[in-house]
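Look for chain A in each of the two complexes below; its partner is chain B in the first and chain C in the second.
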Partner chain A sequence: MQRRSILSLPAGLLFLLPAGAFVFVFIILPFFWIAAVSFTNRTLTGRTALNPEFVGLANYRRLFDPDRFFNSGEFGASLILTGQFVFFSAILGQAILGLLLAWFFYNHRGWVQSTVQTLAIVAWIMPDVVVAFAWFAFLDRDDGTLNQILSAIGLGHPDWLLALPMVSIIMFNIWRGTAFSMLLFSSALGSIPPSHLETASVAGATGLQKLRDIILPLIRTHIITVLILITLWTFNTFTPFLLTGGGPAFQTEVVSIYTYRTAFQFFRFGMGGAVGMVMMIINLAFAIVYLGILRSQKAHA
Partner chain B sequence: MAGVAFRGVSKSFGAVTAVDDVSFDIHDGEIVCLLGPSGCGKTTTLRLIAGLEGPTAGSIHIGDRDVTMISPKGRDIGMVFQDYALYPHMTISDNISYPLKVRGVSKEERASRAAEVAASLQIGNLLERRPGQISGGQQQRTSVARAVVHKPQVFLFDEPLSNLDAKLRLEARGFIKHLQKRLGVTSIYVTHDQAEAMALADRIAVMDGGRIVQMAPPLEVYHRPANTFVANFLGSPPMNLLPVRLERRTGVTRFVADAFTITAEGWHERLQGRVDDGESVILGVRPEHLALGEADDPWSFPGELYATEPLGPETLITISVGDALTTLRIFGDDPPVVDGRVHARIQNTNLRLFREGGERIELG
Partner chain C sequence: MNHHARFILGRIFFYAGACLFASFFVLPLLWLTVAPFNTLATLSLSLPEEFSLANFRRVFANTFAIRALVQNSVLQAGGAMVLVTITATLAAYALSRSSIKGTDVITYGLVLFSSVVTGTAAMVPIFLMIHGMGLIDTHVAVILVFTGGLLPAAIFIMRDFVDSIPRSYEESALVAGASPWRVFNDIALPIVRPGMMVIAVWAFVNVWGGFLIPFILLRSSGKMPAAVAIYSFYSEAGTPLVTLTAAYSLLYTLPVLLLYLFVNWKYGFRFFGGIKS
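Now for the complex of A and B:
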């Protein structure tokens, strides 16, 4: 099929120019600048702020120094924490909980569904800082809503942010992001022709068999899209900083917070650049793997 | 094997009543077509049998079981949907054998049963393909194969042919009827196509406004429609309906309209005690029971030629009588040459009379 363009090529490029310029100035240029900085000992203040020196791979070597890689507060430890954070809050929490909620509401339509969906969207569009503050109040040891409820039913009142900081930020992030998965999965389920499920019902399939044999295969591209988005978002999210500041004692210092501490608390831009590059490579690896799966599935279908 | 029965079944969706106090008995091995226009409740009736909807009132029986409260899973039925509902991620073989899979039948047996059913439906060579790689007619057969593979007690068809083109539709129609007769399984078939219903059904249930208007063998529904709705719904073109006023004085009966008067010789006694002098009734006559006639024939009425449509074995001649149109079906290879004023003669043995409200008048 021949495509007819509405605009001539030069005119099209002209329209592309403003957006292109923005992307270039704010994304492409900084990327190369960070890549370059990561090979220097540039800092914000002091001698190396004015005259950074080329240090080759020293920053990367320091980052992956096997003697302390997994020590608390180091990059390796931070990666492990991030892995836990992503696995529990994004994959187990947001994706699976979102899918179950969407499936539940698909089967039980009505005012409950629309109410929960509306509330979920409200939760999702609230600004991070507001949400973090609300969770601060929610998790407060003595007066927090959660502990009020727990002690009322006799389950004690732990100091969540100090004693269980990782659990706290995982719960927080699940709460924060499940709405998105649920909405995406809801629309994916909505795209399945009802007759597909009715045929299965008439054929004698149970709810679980329908989920396994019909629903999951039919929405797998949606599942992969959701997984790409939420793992990348969770991997890069900085919001836990608002709750725990990465502490106590680096226990919740996921890589985004680690990068921030390296680059902006100690102002070692060279080092920070190196962490940023590594994060980007990890993100890229995730995306490539997921896109690979997506493509092979499409070729399959 | 089992029959299907409704006892006073109603189904409402909010304020809308889709099925309104319907009762019927479908006998073991019979194929019944639910026929009616969109929104008449025929698909809802089918979904009630399948268990995809629960009735608001009444009870549903399959065989000697009351299945009103039983889910689709427990009803032992096979259903073919309008869009076939084939699973795009499964092969044809897996699609066909899915009802066996959920029943825990082993993989080998599933494959052999699927192959057997597919072969009998002439799609045996497609087992490893996917639904996207086969034609509409083949998809339709796959869908039928899936409905019959687990040997259900009842088959349900929800307009299974409406997505096929005209030629394939005829072929599939014959194939479904053949299959139904061969397997002898009680079948309920929903359609809005009266020709399909005529061709397939042992009995047709004509539905309108959530009620069954008439349930009878096809030819009875065709020749003795219960009311003008049925008369107008069956047949292509449908029955001609001519509103007239009766004159029953002086020992003869006349049908009087603005544009014509018919002297109904020999009908005076037949109508005795059934209609009154001056009553408005509706004459119903099928196009094939009208012929070209002469002006002096008492059973003929005049009209202006509106259109001539030669169809090959027959010719449709439409004339305007007053402000209504009447169609004549003339059989024969050579279309008659007509122009201007045309007289249509009623073969009065096949004339039906309806009251003004629509219901048919039994004649003596």
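Now for the complex of A and C:
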């Protein structure tokens, strides 16, 4: 169908110009800039600040140096910590808890459901520093609410942020981000025709059988969408820094914090650029898979 | 009878489970809702002996904290909000209504690039670019970087919105001889205003809560937004500041909660939760 366009080509380009300029300078340019910087020894001050030298792959070789790759505080160790953080807090934590919540309240809409849902959303929309501060107080060894409860029921009072830092940021991130999975899964469950489930009930299926054989296959694309998005977000989040600063002794130094330390505490921008470049390549892989799914969904619709 | 017992058991199971979920989300925030009103608050959760607003008075007496909140945060979040809303609306309108080829590819390309070039992955080039422009330690730097980062998602949401509006009014105005700008300004703009409101609130909340960008781009304490101020309160200082920080955090969170309630009441949650950067 040939449709007359409302905006002519020049007018359209004019309308696109301001946003296009912003996107070019702050999204597209950094992508190429970071690649260029990562091949130099650029620093903040000193001789190499003004005249950075081309060092080829030196930053990458240093980053992937097999002799120390997995040592504490090095890139490999940071990647492993990030993998643990993403796997336990996003994939196992947020996605499963979100699905559990959506399923638990399926068919139970009412004030109880909307209260719990609102509480999860509040945890999700509050600013980063405020929730980090709240958790800082919550996890305090001597006075924190969590240890007040645990010692009241005789479970001791561990020093969460010092002795169990990774567990702490994983719990924190589950609490922080479950609302997204819950909302998406709730709306996915809402789109399943009730007749599907009624037939299964008549046939004598238990709740778990219904979940496994009917619900999960029907919301498969939603599950993949949730998994990819929360993985991308958790991989890129800087919020653990607000709770632990990456410590103690690099035990929670996920790649975002590793980049920050390399670039802004040691001011090795060439090196920090190389880390950022690796992060972007990983992001790109996730984004391409996700876009593929979006497009095939649109094609089906 | 057996049936009846099963029903009651089911109810007990449901309420117990709901309580468990609710406490999981509530417990970490409980302290923060009580401590601001207790002048003697420690990190321990306890009801104040007397309800007091003295902590809030201390916040208002602290010029650093107040300037960060009502001047710097408002300026940075407001500036980015205006820029994002205007440029995203213009761009979304062009992508939806113009004869430019490949607008779908542009839209998806934008979303792809923006999920790859995140604030954390791109902190080095962003810092170096702002450094090169001589804008380090300025409000403008924070506003520009946030605008660039939020625009792709804003355009994506806004385009959906413009696409859903029928073209017939604009077409008849065009036939009547109106210029493209008048068609946009007089006819399209009033219809897309709800979408612009949602984008504005979403952009404001994102910049208001943003930490990393101002943290790396600003240096002088006089320009720090409230997010960085709160971090410096609890990370650098000891317990004496706990009461002040608690009250301050609550004040800083209030606009976010109010805006959420407003959007939720006016448009439903869907818009707000669509894309969160």
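FYI, the second predicted complex is superposed on the first by the 274 of 301 C-alpha atoms of A that agree within 3 Å, B and C clash if a C-alpha of one lies under 4 Å from a C-alpha of the other, contacts with A are read in each partner's own complex, and residues count from 1 in each chain.
The rule is simple: contacts are C-beta pairs under 8 Å (C-beta built on N, C-alpha and C of every residue); 3 or more make two chains touch, one makes a residue touch a chain.
Please read these numbers as outputs of a predicted model, since none were measured by experiment.
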Side-by-side fit of chain B and chain C on chain A, or clash: fit
Applying the touch criterion given at the start, work out whether A:S195 contacts chain B, chain C, both or neither, answering first, second, both or neither. first
I want to verify one number. Taking the Cα centroids, what angle sits at chain A between chain B and chain C, in steps of 10 degrees? 80
Is A:V289 touching the first partner chain B, the second partner chain C, both, or neither of them? neither
Applying the touch criterion given at the start, work out whether A:P217 contacts chain B, chain C, both or neither, answering first, second, both or neither. first
Output check: A:L57 vs chain B and chain C. Expected answer is one of first, second, both, neither. What do you get? neither
Look at the residues of chain A and decide whether chain B or chain C touches more of them. C
So, A:I34: does it touch chain B (first), chain C (second), both, or neither? second
First, second, both or neither for A:Q209, with chain B first and chain C second: first
Touch test for A:A163: chain B only (first), chain C only (second), both, or neither? neither
Chain B versus chain C as contact partner of A:L92, first or second or both or neither: neither
With the superposition applied, I'd like the minimum CA-CA separation between chain B and chain C in Å. 5
Chain B and chain C contact sites that coincide on chain A, given as residue numbers: none
Can you check the complex and tell me which residues of chain A touch chain B? 193, 195-196, 198-206, 209, 213-214, 217-218, 301
Which residues of chain C touch chain A once you look at their complex with the stated criterion? 14-15, 17-18, 21-22, 24-32, 35, 42-45, 83, 86-88, 90-91, 93-95, 97-100, 108, 110-129, 144-145, 147-149, 151-152, 155, 167, 170-171, 174, 180-181, 183-184, 205, 208-212, 216, 227-228, 230-231, 234-235, 242, 245-246, 249, 252-253, 256-257, 260, 269, 272-273, 276
Contacting residues of chain A [partner chain C, same complex]: 4-9, 11-13, 15-16, 18-20, 22-23, 25-31, 33-34, 37, 42, 101, 104, 108, 112-113, 115-116, 119-138, 140, 142-146, 148-149, 175, 179-180, 183, 232-233, 236-239, 242, 245, 255-256, 259-260, 263-264, 269, 272-273, 276, 279-280, 283-284, 286-288, 290-291, 294-295
Which bits of chain B are touching chain A when the two form their complex? 50-52, 71-73, 75, 77-79, 81-83, 85, 87-89, 98-99, 101-103, 130, 146, 150, 156
